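The two complexes that follow have chain A in common; it is paired with chain B in the first and with chain C in the second.
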Partner chain A sequence: MGALLEIDNLQTHFFTSGGTVKAVDGVSYDVNAGETVAVVGESGSGKSVTALSILRLIPKPPGEIVGGEIRFQGKNLAFCSEEEIRDIRGKDISMIFQEPMTSLNPVLSIGMQLTEPMLAHLPGMTEEAAKEKAVKLLEMVGINEPRRRIDQYPHHLSGGMRQRVMIAMSLACEPKLIIADEPTTALDVTIQAQILELMKNLTREMGVAMIIITHNLGVVARYADRVNVMYAGRIVETGKAADIYHRPRHPYTLALLKSVPRMDQPRQEKLDPVEGQPPDLTRLDGGCSFRPRCKFAEDRCAKSFPELEEMGEDHYSACFRSKEALSEIEL
Partner chain B sequence: MVTPSEIQVEAEFEEVAAKKPWGQVCKDLMRKQPLGTFGLAIVLVMIVTAIFADYIAPHDPIQEDFSAMFAEPGHESYPLGTDEFGRDILSRLVHGSRTALMVGFICAIVGATLGMVIGVASAFFGGLFDLLLQRVLDVFMAFPLIILALAVVATLGPGIQNVMIAIIIPFVPQCARVVRSNALAIREIPYVDAARALGFSNSRIILRHMVPNVMAPYLIMLTTFLGQAILLEASLSFLGLGVQDPIPAWGLMLTNASEFFEGSPWLAIYPGVAISLSVFGFNLFGDAVRDTLDPKLRSR
Partner chain C sequence: MGKYILKRMLLMVPTLFGAAVLIFFLLRLVPGDVCEVRLAGAGLYADPEAIAICRENLGLNKPLMAQFFDFVWGYFIFDLGVSMWTGASVVHEIEIRFQLSLQVAIMATFVATVISIPLGIISAVNQNTWLDYCVRGFAIAGIAIPSFWLGLIIILGLLIITQAITGSPWMPPIDYKPIWEDPVYNLSQLIWPAVATGYRYSAVAVRMTRSAMLEVLREDYVRTARAKGMIEKVVINRHALKNALLPVVTILALEFAFLMGGLVVTEQVFNLNGLGKLFVDAVGNQDFNLTQNLVMLVVLIFVLTNLVTDVAYAWLDPRIRYS
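Here is the complex of A and B:
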């Protein structure tokens, strides 16, 4: 029995006037049923594009999935028909966006927006039943007086409340997988934890798998079962959250972890930012794309791209020097 | 899981806009948009006149009275005089408002609505579809309004339905163009992507999620079209391509008057005033609607 979602060597490229942007260049990962997987990386590392590719929401042109497979319960989403993917969107796989302030339609009431996916996807769902369910969903995501809220419009709600509504919407059709694209980035720090806690609890209760895309490593440590670290359109390290957090084997992961303050470690002198800029994705050569910023870089890094190598149980890193230079690091 | 403070703050924001009584609304409107209120008053008078034309008009508009041909205004039973067949000018004006309003509203609503759907669809699909559609609309927009309408009527033949078709056709690209530019901006807002991520069909996204968000430009175009349509209908009827005798229509009354204008100027003056006043009223009203809906022009 395979995983719920298997991404196999996915390649999504954007064909622009400035050249072909290889936003996602051979990404593979699995998501098991009920599991929470984090995808971490800088802006422009291809983490969002991977997620959008799963639901085929890449604007085309200029973007296109040029290779690889996305198998969801055995069906290849990358190349199925528009009708088939539309049936899956919102029903089996739903998505939570980064911007709660603009992800809800300002002219439709909360109730309408909550019931609409149910009415569209679940045959035999009546308007009454959908409305009852919407009230329950709002209650579940911790919104008070759901019966009154249902007739309100998005401008009546704060950012945190709206993100709760978005979560309720994503759960409406009882999906098997939720993709959350930086769900807390636009929220206040105090609300972030609430929202993440809520998502964690709900997905656990309902047995929903979740892909959480973030650049916040704190989120990863606390809420994810497994972590994929992406850099320049590829996965450079993947493993259990604890392994990634405490025993990083890829220089990029190490640099990321050192660039954020950590509460579970003694205070460092100063933070250590990742120097330099992410590479221009139109101009990737055959070598390791992290090489220009890497403290461990050697001559061989320019010659070929390192493949993912096993570092431990369910822990892979794509670096030639993972085993020698980085093998003893414990954070 | 919800913090109590968040709930309380939320509650305070609610019901800020309590319902105002109608009288207060009217007073506010008059103060903020005096000209618009005046325009609205003209429009309302016209609508009432059109609806109750049978009760308001003193005579049958097509009843000929050969004992009182070319009666001058002030005649005991024909206050605005009569035309060459002795038909009452006032009654014809009153009934003419029906034609004008019917053509005005049907053309404006159909034209603006078609244009809106085309404009939103064009923005939503984008790419080649958008490019080709916009070029087709460009072709239509290249013709002056009246020339295009004339060409359509010349092809289809005169008659009230054809006149309406002829007026609607040039309206569609105008509205489509304006709405498209708005819809292009809306398309980039995440809720459209969110709707796609929820698996809604394209038509559902366009009609239910995008169309309500372009209501402001739509209403502005609609109100502008109302006046334009009345003017166009009058022009076409004046040129003999529109409404045909004996149906009372203002443009038609002007045509007939042109022969007798020197001896009986009232034949032309009253329908001319009616056309000007109604177009004026609709335009004032339209301007007020635009000022209210366009946040860039809103002063307070």
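Here is the complex of A and C:
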């Protein structure tokens, strides 16, 4: 059986007055049914753009998918018709966004926003049935007094509660895949864990696959089955969560791991941030885009971009010196 | 909600009183009065005694504070007095014109709404395409063209077109019949000034709708609606428009209030006997009593329109409703 979602050499570019921004430049990864895949990277690495490209939610102009394929159940979402993608949005693939405070419509009731996708996508769904289901969904995501809540408006709810509503909404049509774009970044730390736990449990129970986009490596370690590390519009390392966490092969992954405090390691004196800035995506050359910040950089890194190379079972890294990178760390 | 409306109604009292003070004393700052205008209007010699008698009759020789008290007291005993120029009761003078002005204002606001909201949406959704440029051109033209000129062109156009089609020119009727007496006759007279002024006022509202929609269409919740697989019509009408309407409602409401007394030139062009013309005549004749009452009427309309706008806000935006 093939994967549920296969992204193959996706290229999404933004055509701006300052030049073409290659936000996503040849990204490929698969998501199997029921699996949780994390996409990790700094701001501007193209992880959100990849996610938005899957549902074709890139604002056009200036953004456009210029190449590659996104196959979902045999259909190429990148270039199918507007009607076809609309049928998939919210029904087979749903999305949770970063900002719960602005992602819900302030002038529509919670009930209306929850029932809307069901009424649009599920044939034979009546308004009463949708409302009943909305109450159940709210209960499922841990919102108290769901019957009262569906007549309320977003401003009655806290950020955490709104994100729960977003999760309920994403589950409304029992999708096969949920894309969560930094679902906890805007929330308090205490709420973050609750929300992630909730998402993990619900997706497990319902057998829904999930792409979770984050810059938080703690999230990755705990909730993801597989991890893709992105840098400057490309995947630089991909593998099982445990491999990425304990045996990183790419210097960038390594630097990322060193920059966060870890509970499973002895306390270091101080953290080691990734020096420098991410590159300007309008000015990428043919070489490795991480090399200006890389401790391992050498001459050949400027000449060509290293391809993803197999490092172990289901573990790939795009670096000429992957092997040395591993020996560098004591994890 | 009821409590809120009541509170707002009570707040109207100081506003109206302030307006009364202002208009009463400002009018009397202007040299001369209705008696001088009437008896010595054309620069002729007037008998000072005749002027004194005239003032005596109209109560203009009383102390200012006494006159002001009479003016304000009139509202409590429902006696607004008479026009100092015609001698007819103020209520009568206003009544016969109010109906016409109200109808034109409602129709013009209707025209403006019907033009501006759909065009604003079309323009925003098709931003920077030829459709958008056409709509924006249409809107700019509306702001640039004075409505009296448009009125003249409309009348001229009607004459030429009817001449060409039927062989005899037709022009809108020039005397007013209430809509419940003869709706066809009434509408065939008032639709033209309503279109001429409505187009002008729609221009501002088109641009307001467009920019509000453009802003809202970039909001996260619009993206959420798209991510839910909503069809574009639902995204625009249900998710975006309701959020974009607040500033548009404000503009349209203010315009409506302004139309009630401000259509001086358009009324002249279409030969309408409305409040605008009455206003100009009353000021020209220094008819203090009529002018004061007209101003108070317009202020009242403004205040009431604002109240209605605020209630509409609450209906459109639940955040206002519950706070």
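The definition used in the following text is that the second predicted complex is superposed on the first by the 325 of 331 C-alpha atoms of A that agree within 3 Å, B and C clash if a C-alpha of one lies under 4 Å from a C-alpha of the other, contacts with A are read in each partner's own complex, and residues count from 1 in each chain.
We take it that contacts are C-beta pairs under 8 Å (C-beta built on N, C-alpha and C of every residue); 3 or more make two chains touch, one makes a residue touch a chain.
The model shown is predicted, which means the values in this text are computed figures rather than measured ones.
Undergrad: Following the overlay on chain A, give me a clash-or-fit verdict for chain B and chain C.
TA: clash
Undergrad: In the overlaid three-chain picture, which partner chain does A:Thr102 touch, first (chain B) or second (chain C), both, or neither?
TA: A:Thr102 sits against chain B and chain C alike.
Undergrad: Using the superposition on chain A described above, determine whether A:Pro123 touches chain B (first), chain C (second), both, or neither.
TA: neither
Undergrad: Pick one for A:Gly74: touches chain B only (first), chain C only (second), both, or neither.
TA: neither
Undergrad: Quick one: classify A:Pro261 as touching chain B (first), chain C (second), both or neither.
TA: In the superposition, A:Pro261 touches no partner, neither chain B nor chain C.
Undergrad: May I ask you to name which of chain B and chain C touches more residues of chain A?
TA: Looking at chain A, the partner in contact with more of its residues is B.
Undergrad: Where does A:Gly286 make contact in the superposed view: on chain B (first), on chain C (second), on both, or on neither?
TA: Neither partner.
Undergrad: In the superposed arrangement, does A:Tyr153 touch chain B (first), chain C (second), both or neither?
TA: After superposing on A, A:Tyr153 lies in contact with chain C but is clear of chain B.
Undergrad: According to the stated criteria, A:Asn144 is in contact with first (chain B), second (chain C), both, or neither; which is it?
TA: first
Undergrad: Between 6-14, 24-32 or 60-68, which run of chain B pushes into chain C after the superposition?
TA: Residues of chain B that clash with chain C lie in 24-32.
Undergrad: Would you mind listing the overlap between the chain B footprint and the chain C footprint on chain A?
TA: Correct list for chain A: 55, 57, 86-91, 94-95, 97, 99, 102-108, 116-117, 120-121, 156, 166, 169.
Undergrad: For the complex, give me every residue of chain C touching chain A.
TA: 219-221, 223-231, 234, 238-239, 242-243, 316-319, 322
Undergrad: Which positions of chain A touch chain C when the two form their complex?
TA: 55, 57, 86-91, 94-95, 97, 99, 102-109, 116-117, 120-121, 153, 155-156, 166, 169
Undergrad: In the complex formed with chain A, which residues of chain B make contact?
TA: Contacts found on chain B: 1-3, 6-7, 9-10, 13-14, 127, 189-191, 193-201, 204, 208-209, 212-213, 215.
Undergrad: Residues of chain A touching chain B in their complex?
TA: Spelled out, the residues of chain A in touch with chain B are 55, 57, 61, 86-91, 94-95, 97-99, 102-108, 116-117, 120-121, 142-144, 152, 156-158, 160-161, 166, 169, 191, 194, 197-198.
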